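Next, two complexes with chain A in common: one pairs it with chain B, the other with chain C.
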Partner chain A sequence: MDTVNVNGNIIEWKENMTVQDVLTAMKYTFKLLIVKVNGELVRRDQYDSYKVPCKSEIDVIHLMSGG
Partner chain B sequence: MSVKELQSRHKLLKKQSYEPKELYRGYTDRVLYINLDDNTVAEKPIPAMMKEKFIGGKGYGLKLLWDGTRPDTRWNDNDNEIIISPGPIAGITQYAGSGKSLVVSISPLTDIVIDSNVGGYFGPFLKFSGFDVLEIQGKAKNDIIIVIDGIRNTVSIEEAPGEEIDSHIIAEQLTEMYSESADPRDMKNVSVISAGNAAQNTLIGLLNFSWYDIKRKKCRLKQAGRGGIGTVFRDKKIKAVVVKVTGVSPDPNHVADMEPIKERGARFAREMKELDPHQCRMKQEGTAHLVNVMNDYDLLPTHNFKFGSHKDADNIHSRVWNKKFTQGMNDGCWIGCTMNCCKGVDDFELKSGPYKGHKVIVDGPEYETAAGVGANLGIFDADAVIELNFYCDTYGIDTISFGTIVSFAMECYENKLITKEHTGGLDLHFGNIPATLELIHQMARGEGFGRIAGLGVRRMKEYFAKNYGADMKFMNDIGMENKGLEYSQYVSKESLAQQGGYAMTNKGPQHDEAWLIFMDMVNNRIPTFENKAEALHYFPMFRTWFGLNGLCKLPWNDVEPESNALEAEPNKVPEHVDNYVTIFNAVTGRSIDKEELIRQSERVYNYQRTFNIRRGYGLRKHDAQPYRAAGPVTEEEYLSRQERYDKQMKDIIGIDPAGKSLKEKMDITRKYREDRYEQLLDAVYKRRGWTKNGVPTLEHMKELGMDLPEVVDVLKKHL
Partner chain C sequence: MMTDIFSRNIAGMTDKLSRSVVAVAGCGGIGSNAAVSLVRAGLGKIIIADMDIIEVSNLNRQYYFTDEIGSKKVFTLKSRLNSINADCETVAYHKELVREDVKTLFGSADILIEAFDKAESKQWLIEEWSSLYPDKPVISGNGLSGYGDFESIKIRKMGNIYFCGDGVTTQEIGLCSARVAIISNMQANLAIELLMKLK
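Take a look at the complex of A and B:
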């Protein structure tokens, strides 16, 4: 199976998979995120267009918020 | 009765003038001391040593409380104190979140020091009246109010038999009574502290700090919620404390250098304008934006922290709160706050209790309230949450403790540890809204099962075991308290670091020391014990600093600059940390860096730990957590996330779950998780400079410059 590694979790990679697809697959709905694909920072406005290569190492850093 | 008639019934017990004193670089360097035993009103100077080592806010409160009480002073002894101190930065209006007060006392729930932070205008107005601290000791014979008149420079103690106790009424009565005129521009120069009817009949009383909302022409209330300080307040027979000032000038603190404060404030305001709508939407939803996020990540406590999500959670989703909250209002709980997150529901018609049919403003709900009196009770009805929020506030009880107490009672009821016979007929199944409302009204009346529930989870466990033969071991597992304080509203089972962030706190499990769940559980960025220990050193120390200075934590990381993504440690939000260093220096004229900021906190944090030890607590055994905070107590819990637990057993613990019974799997999981927590304690104590028993070492205290004689005396008995 083709995969990507998201925060240490292995998930299935699909052709034309975008950063937003990864966030959806992981159910990451929090908004204060920093996303790096193979060390490269992906801006929020690129989430829908940035294609994730197969076997990527993806960091989705959730920042903190709340009282 | 009109306000004039109410005032005519006041009996003046003491009125004393004081010399006015302007603030200089954030400080007046004096304490207003009041003793209600003999109506003493006195000024106390703040020595240079105290200012250097304790900074202000919580630091001042701890120092004065230590000096003013004995190691065995109980919460309801005359010498217990309520100390309110904002800190040197409080009262600036050029940077968001700069109006907080810290309140400390000996808690009726925990028997150790409680500290609780609160917005509203009281703290800044206290400073503008000429005092860094208000220290109240003793008990009045009859109900009194204290009035600090910063216009005429007088302090008075007045018997006040007629005013209501519940906060939404007394705040309005006293604001009108002591305002220079009925003009809203004068009304906003008055702030009132009050509690409520349930504060005097439970141990979970809170203090409401008011601010006058000039647009709505109503008093708003912010809460010093945790640990029962409102109960201490009513035990002292204080109905209210009032402060009034002439107004707020552009620089009442007489800061050392205003320009850097303005520049950072303007920069932050731009972030709020441009980024907040895409980030947390604090301006529209406040912290309630988190309800659905926590549900999505299995972190929203439901049914007494058994689970982290629920199928009906959309009913209390942030978009629901967005519609309920009145938008476009001035919702900053201190002047100049551009975060504006103190949201309110206007014209809410109450459906129960003594104010049934009244249309009221409800401050909130914030996340903790929506989770505590909503999801954790199985109540997924927004209007019920709003009504419970209102009554908790006006009756003067903490929504967090109320939620965790009632959810515990509900689980006991569903497990038949208690029955209708014990609850006085209340059907305490999860989700029962009428029963929950009746329970809160009982707390206010001091009646029935409300009286028992008002004792808090720790005492309920003892009461149920002693009087009803309930299973203590099971209750210890499911009763979500540590040190006697009820847990705040996050599921910590899958984050070992957050388990420490809760149970290793000085005051009890409140998330204001550290919230590490995402860093730990989702980001997998702090995998080792040493990583977690570093986080459990840095974040509690950093966040302690807000409470020394009169600052709100929310502007630190509830909106974050675009450049934060480029930072090596984005979770620290380094640009905002730099804002705080800059502002502290600009207010006080001192020259600290971000390392000294942490050391300032470390001094106070370790002093508080030592204070707990002085009182017979503060050791490793007191940092123990209920198993519900760490893992699945019941079969129902394990089975609900069986795939997760089985996978962890195989991949992390290294035991194949195949062929194992459910009980065997639960036992294996528990042993592993409890052992990990013990290892975490070792790692964190080491990082913090403490022994394996959780005692700060003398070397560490010396290094911090906190080897004060009274501190050394306490510590050396435990080393």
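Take a look at the complex of A and C:
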């Protein structure tokens, strides 16, 4: 099976899969995130367009208010 | 004067830090505490920015005092930093930060300390800095609310983006001096560690 690794979780990769598709598959509904795909920052306005390559290593951080 | 202040510093630290520049975006719970620690460590230049005035509710965790209520945080903090070490160049901006400020105000810094309170602001700041300066570290405070639960506090590294905190708690549960100070000082401590390697 073609996969991507999201924060240590292996999920199925699909053709033309975007960052938003990954977030949806992971059920990450919270919008305030920092996302990197294979070490490259993906900005919030790129989630719908950025295509995730097969076998990608994806890091997602949820940002918490407070300071 | 400099020698006296830093006579207890670790060998080589004062020289490297005196050639270093750190920007601190936000002068609340994170920023005020982190800035004080960085200047006490011997930082050569600090750039601070914030739009708020000091309110009584800030005093449970921020580096301000009752007779400063109503004053602009950024200028009060600048005065305090100058009192610690007048040889540290302190540049202060009283304004609401926007994306464009990251380059114009903070671009000369070696490291950025993200010290905002709202997650929305943390997001655009980190994205903008990391897009402009992918080789320069940004150190974010992420999850510092509540009390106790020390074991959950950690540093998560994502390339040159570092997140200090538990990554889970939000300010809706309340903010306590000790935990805010621990995490803001983790950020300062990490900045010092990185500057010792960079310089």
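As a convention for this text, the second predicted complex is superposed on the first by the 65 of 67 C-alpha atoms of A that agree within 3 Å, B and C clash if a C-alpha of one lies under 4 Å from a C-alpha of the other, contacts with A are read in each partner's own complex, and residues count from 1 in each chain.
Convention: contacts are C-beta pairs under 8 Å (C-beta built on N, C-alpha and C of every residue); 3 or more make two chains touch, one makes a residue touch a chain.
Please read all numbers here as calculations on a predicted model, not as lab measurements.
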Greater residue coverage of chain A in the superposed arrangement, chain B or chain C: B
Which of chain B and chain C A:Ser65 touches, first, second, both or neither: both
A:Asn7 touches, of chain B and chain C: first, second, both or neither? first
Touching partner for A:Val37 - first (chain B), second (chain C), both, neither: neither
Contact residues common to both interfaces of chain A (with chain B and with chain C): 32, 34, 41, 44, 59, 61-67
Contact set on chain B toward chain A in their complex: 278-280, 287, 289-290, 292-293, 296-297, 366-368, 511-512, 515-516, 518-519, 522-525, 553-554, 557-558, 560, 564-566, 570-571, 573
In the complex with chain B, residue positions of chain A that touch it: 7-8, 27-32, 34, 41, 44, 59-67
Chain C residues within the chain A interface of the complex: 26, 28-31, 115-120, 122-123, 126-127, 130-131, 134, 140-145, 156, 158-159, 161, 163, 165, 167-172, 175, 180
Sites on chain A touched by chain C in the complex: 32-34, 36, 39, 41, 43-44, 59, 61-67
